[in-house]
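The letters A, B, C, D, E and F name the chains in turn, as written, and every chain counts its residues from 1.
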Amino acid sequence: MTIQNRADGRTPDQLRPVRLTRGWLDSAEGSVLVEFGGTRVLCAASFTAGVPRWRKGSGEGWVTAEYAMLPRATNSRSDRESVRGKIGGRTHEISRLIGRSLRAVIDYSALGENTIVLDCDVLQADGGTRTAAITGAYVALADAVAWGQKKGHVKPGTVLRDSVAAVSVGIVDGVPLLDLPYVEDVRAETDMNVVVTGSGSFVEVQGTAEGAPFHRAELDSLLDLALAGTTELTRLQVEALAGPVAGFRA
Amino acid sequence: MTIQNRADGRTPDQLRPVRLTRGWLDSAEGSVLVEFGGTRVLCAASFTAGVPRWRKGSGEGWVTAEYAMLPRATNSRSDRESVRGKIGGRTHEISRLIGRSLRAVIDYSALGENTIVLDCDVLQADGGTRTAAITGAYVALADAVAWGQKKGHVKPGTVLRDSVAAVSVGIVDGVPLLDLPYVEDVRAETDMNVVVTGSGSFVEVQGTAEGAPFHRAELDSLLDLALAGTTELTRLQVEALAGPVAGFRA
Amino acid sequence: MTIQNRADGRTPDQLRPVRLTRGWLDSAEGSVLVEFGGTRVLCAASFTAGVPRWRKGSGEGWVTAEYAMLPRATNSRSDRESVRGKIGGRTHEISRLIGRSLRAVIDYSALGENTIVLDCDVLQADGGTRTAAITGAYVALADAVAWGQKKGHVKPGTVLRDSVAAVSVGIVDGVPLLDLPYVEDVRAETDMNVVVTGSGSFVEVQGTAEGAPFHRAELDSLLDLALAGTTELTRLQVEALAGPVAGFRA
Amino acid sequence: MTIQNRADGRTPDQLRPVRLTRGWLDSAEGSVLVEFGGTRVLCAASFTAGVPRWRKGSGEGWVTAEYAMLPRATNSRSDRESVRGKIGGRTHEISRLIGRSLRAVIDYSALGENTIVLDCDVLQADGGTRTAAITGAYVALADAVAWGQKKGHVKPGTVLRDSVAAVSVGIVDGVPLLDLPYVEDVRAETDMNVVVTGSGSFVEVQGTAEGAPFHRAELDSLLDLALAGTTELTRLQVEALAGPVAGFRA
Amino acid sequence: MTIQNRADGRTPDQLRPVRLTRGWLDSAEGSVLVEFGGTRVLCAASFTAGVPRWRKGSGEGWVTAEYAMLPRATNSRSDRESVRGKIGGRTHEISRLIGRSLRAVIDYSALGENTIVLDCDVLQADGGTRTAAITGAYVALADAVAWGQKKGHVKPGTVLRDSVAAVSVGIVDGVPLLDLPYVEDVRAETDMNVVVTGSGSFVEVQGTAEGAPFHRAELDSLLDLALAGTTELTRLQVEALAGPVAGFRA
Amino acid sequence: MTIQNRADGRTPDQLRPVRLTRGWLDSAEGSVLVEFGGTRVLCAASFTAGVPRWRKGSGEGWVTAEYAMLPRATNSRSDRESVRGKIGGRTHEISRLIGRSLRAVIDYSALGENTIVLDCDVLQADGGTRTAAITGAYVALADAVAWGQKKGHVKPGTVLRDSVAAVSVGIVDGVPLLDLPYVEDVRAETDMNVVVTGSGSFVEVQGTAEGAPFHRAELDSLLDLALAGTTELTRLQVEALAGPVAGFRA
């Protein structure tokens, strides 16, 4: 297993250029355009007072997410799910994954009876859309929580117990690689998405053998890579939240 | 009827700042981010060889359009049509309007047996989304036609017989206004969308009395305003198509 | 542009024979079979006390409409929308148009918290089904309002501020024509539906270039024709409402 | 058990006034407005050359039926199945019943590879809509077969091996009654629909205890009544097919 | 008409081996695996306190049923109705039949405001699935009622006024036969499903001519056979309810 | 972290009683009732010659899976997905997981242009339904492949390159446990499903923090447990396939 450079010149353990542009929408309570290389996902957080009926009176809030792709986000156009009249299995899966990932770091009692919906719409897809979505959605969520506190809907205090970020890893030609673009993703024998908190614990590990089944040692290498990647993403999230709200013309 | 300034300082016959950013997506055959003030619509043109079955062997092409809005394009979040499992009447109406508008200027024989689908996705809505969509979609369509000719799928020659642009007009407090943003749109007694070719003929006139019915004289004033507005939009389309492809970071 | 006779011998500015048969159904609060030549639309008005939830406590009523076509209303059979499991864009568009047209003349406060639903079902289609539907639905609505007043659900007084009627106009072989049957409709270069109040103001103007875009002068001619046509339709509505309820065997 | 007169003055074994108006639509290959008292069903037969894919090359034809009710056919308005996005169980059941009833008398080989679809749309419902539909649909089917033979799509000869008619019977206050209108239908302890050929054999017997279960003797009385009723309906069908095509203004 | 033995050696008036296994599920309030030869239907009764909204405050309960088939219950696989996104007409029909059959014997007042849903899922289909479902569902219903009484949700006393069972009969090669398996069912000229109470009255009679229409005398023979069959099924239901709850490993 | 016994008396690394009953259905090409304790899943394999259109002419076969749950498989009844008209996200996810797991061990070229569909219907759910489904589906798949070879549809040789089994693991009160029943599953802080080949490589690893995120060391313990569990399941699969086909009455 030699350490070789990749199509875009990165080393195996290097992320693509990542950008987190806050305030991309004028009216959403939190909104982030997240870019992992050519992958661009618009994450909008909508804050509303109140919770779904089954949660009323609990004193606790709710966070949920919806993921979707524009028809021409990909190389060739896909049909719209609204036109087909139903949501595909992949979309369902990813929406649920994003929701679970964000819920892992939220303190429902501190949020109070408020709901935050995260819409993650892929404007352009070049691999890793779900991990970019989670990474960007966390920042949009943080902005929406801050908005709720500023407006007095949420009490001051810690609503987000930790941050959360995600990255894809995979084995291509026997080499474990971090943050796969589309051209690598289609060739990967094993594909894994890993969701990690700012403090380095796992929220979700989803590994799939696309080609040959993988050994325990390969799994271990992939987890190492993923942890290194999410450490860097966490740093970028902290930086983005500490910086100014750039807005659409950034 | 006095000529008064508007909330954003425009005169009644003035357009909002309009931007047409070509090449906003990396892989679509044509793509334009069109902005009418705070309204932002991503228009992606997908070129595919071949036509739907009912048109095979005719020697003629096909152009169609789909319009949609991201859930948080508006001030408060709307449910996704894919989640509701059906497309609403308004979405249907606008998709059909965009398709008809573009088909009015295309020469199907010159296009040959090729299909171009225009996806117009509203990223942010501040009034006039359908007219912005038509105006931007025309530019994306022109780029997709040029792509088809460059790749040899379409014969050299004139495929687009004319250009097409659209603008909204309306009567607010008795005053006819051009290009209404959301705050004016909700207060308009009459609301009209007008689609006009580059040479100044009408493709579509859709006027609706939201409040009191309107008189023939009011209708005439609105048509005058609309023709002035589309003349300016035509100029901006020509300018955009003559200039460089700016791309996403524009 | 010569004034020539048409297939059915009419002059360009002549309506087809129009009949408005009230009381065609035994139990609906208002019901009218409207005929524009071979086009037959059954308009049924259903009055119910109460309003949709979002309107409760407002003191105001609600009027809405649904349009549909029987599968064999046309020359060749169409699939049922109930069987396909979704409503097509055209049906949505026309239902919305009828609803807006009727709402333009109703005084919601005078109606009180009552709802009237207009079902316009096309039994046979020979062009102009949407305009016939609006013209007939107004009469059914008037009967339903009268029923509500007679039964004491609605206070005495003026609930309908004006009447409303509609007609199609179009340009065929360069000649503007009034009230197009199917054979003319498919050949029209421009097709326009115009909804006008009894007092002669516009409620809706929807013009579409099916073939070549149209000039301002053509638009003006079409509007002239349409206003003459709706004036005659208004007269027929008044006559029908002043006369006896003919019933099904008329 | 005394033989008493009914609300509308009929004896227990008497049909309501039945009318079969042929040619009610201008362009359908067969069309009949059938009335059983206040129940009015429009039966349209659509003839098309060719058969569904699974039947191609068999040399045999196909006959199918669809039943539906207009929203205001009944005393209070029902939601449209197209709007609800799915067809209810009752509609499915009746469509299937009509189709089976007609298929029982057709000779598929004699029909050749042609399809006839029967649309039975209830314009007004006052009990017995499914039996009226079958009785009217048979006449429309006969007209469509004749049309196919006249046009040369179907070879001369006997395509319909027999006629078919249907009637409802039920037990109200212990008395077996023929042809129940709505007011009797809702009070019936037992409700039965019987489909019988012109030669007096059963095609379908569907009896349901709405209240108390019924005894064998009651079942026998109901079958006697039904056979008498369908004998009369058969006579009226023969008469209608022998007479002139009355058309819409009948 | 000679009395011949059948493929499986039965006489024309003989049932297949019938088994009613109570307690097949661990947690349902009532559950029965019913077998009519190779036909196996799992009937689960779910008891819930409360009734649907339209029945609240009536003091009366509600019983309903849903029927479905596993995709590979039959010889060749069928598509899932959940995947197709809609329920077929046959499924609707049978669900409604089972519900009506059970409702014929229940005393709603004695049940009180409680709901029992019967799920009848066909694990393997070899003819007569709907009649097996009714026969098994009655036993599961009886167990659920007993459960409700034991838990104090339902007052002691008679909730089930009678029992109910069902069987299919049909004419094959001119011979009336009881309880048709699939191989006979597909060859039957006439097919009838009969639902009968424990005391021998009819709840439902549904006879259909699949081939030639049937005569009154044939109908009478079929009803005789059916009554003999349901008498035996009633005996087996009584026996099952008197015996022990066998459970899954029976 | 002490090794304590569990509610059902098992040690942390012990499977529930597992049964694999082959031939549970009479006509399916492969069918297995798999039990993991109280969890019972019916796995039916349907073999059909031919492949979906997109795979025709490739010389390769196709394997897919559908998972579903009977409405009363669980403690309280769930609505049917067929009635709701759409498939939920969880169902989609699991169907896809089962399909991927089986496809990981199949040699498409050796299968030839044949399709095998695995239907996994949960009759009773007590935790681990997806892992039981995979474990049982592999055995049904093996039987269907053998059927195809016996009938001559598939060439002799190795179609299944390896076997595949799955098990759930989780952390409850800080203790890693193997094969969680429902009562443990709802209390688990971390829940992981692991799919492993007979030779001990991973096909799928899906770990989710339901409560607190988990550390690398915990992940390692869970993987150890899972590998031990799947080794035992592999042994039981081998044993089942070597033994007789027990059939339904086993």
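Criterion: a contact is a pair of C-beta atoms (placed from the backbone, for glycine too) under 8 Å apart; a residue touches a chain by one contact, two chains touch by 3 or more.
Not measured: the values here are computed from a predicted model.
Participant: Using the contact definition given at the top, which chains are in touch with both subunit E and subunit F?
Facilitator: none
Participant: What is the shortest path, in steps, from subunit C to subunit F when you may only step between chains that touch?
Facilitator: 3
Participant: Could you work out how far subunit C has to rotate to sit on subunit E, using CA atoms and steps of 5 degrees?
Facilitator: The C-alpha superposition of subunit C onto subunit E needs 120 degrees.
Participant: Pick from C-D, A-F or B-C: which pair repeats the contacts of E-F, with over half of them the same residue pairs?
Facilitator: C-D
Participant: Please flag the chain sitting at the greatest distance from subunit F, going by CA centroids.
Facilitator: Here the answer is chain C, farthest from subunit F.
Participant: Take the average of all CA coordinates in subunit B, do the same for subunit D, and state the distance between these two points in whole angstrom.
Facilitator: 51
Participant: Measuring from the mean C-alpha position of subunit A to the mean C-alpha position of subunit D, what distance in angstrom results?
Facilitator: Centre separation, subunit A to subunit D: 60 Å.
Participant: Taking each chain's centre as the mean of its CA atoms, how far is subunit A from subunit B in angstrom?
Facilitator: From the centre of subunit A to the centre of subunit B is 33 Å.
Participant: When you check subunit A against every other chain, which residues touch at least two of them?
Facilitator: If we look for residues of subunit A contacting two or more partner chains, we find 85-87.
Participant: Please list every chain around the ring, with subunit C first and subunit D second.
Facilitator: Putting subunit C first and subunit D second, the full ring order comes out as C, D, E, F, A, B.
Participant: Residues of subunit F touching subunit A in their complex?
Facilitator: 86-90, 92-93, 95-96, 100, 104, 162, 192, 196-197, 199, 201-209, 212-216, 219, 223, 227
Participant: Where on subunit B does subunit A make contact in their complex?
Facilitator: 25-28, 31, 38, 40, 42, 44, 46, 48, 66, 68, 70-77, 80-83, 85-87, 91, 117, 119, 121, 123-124, 126, 248
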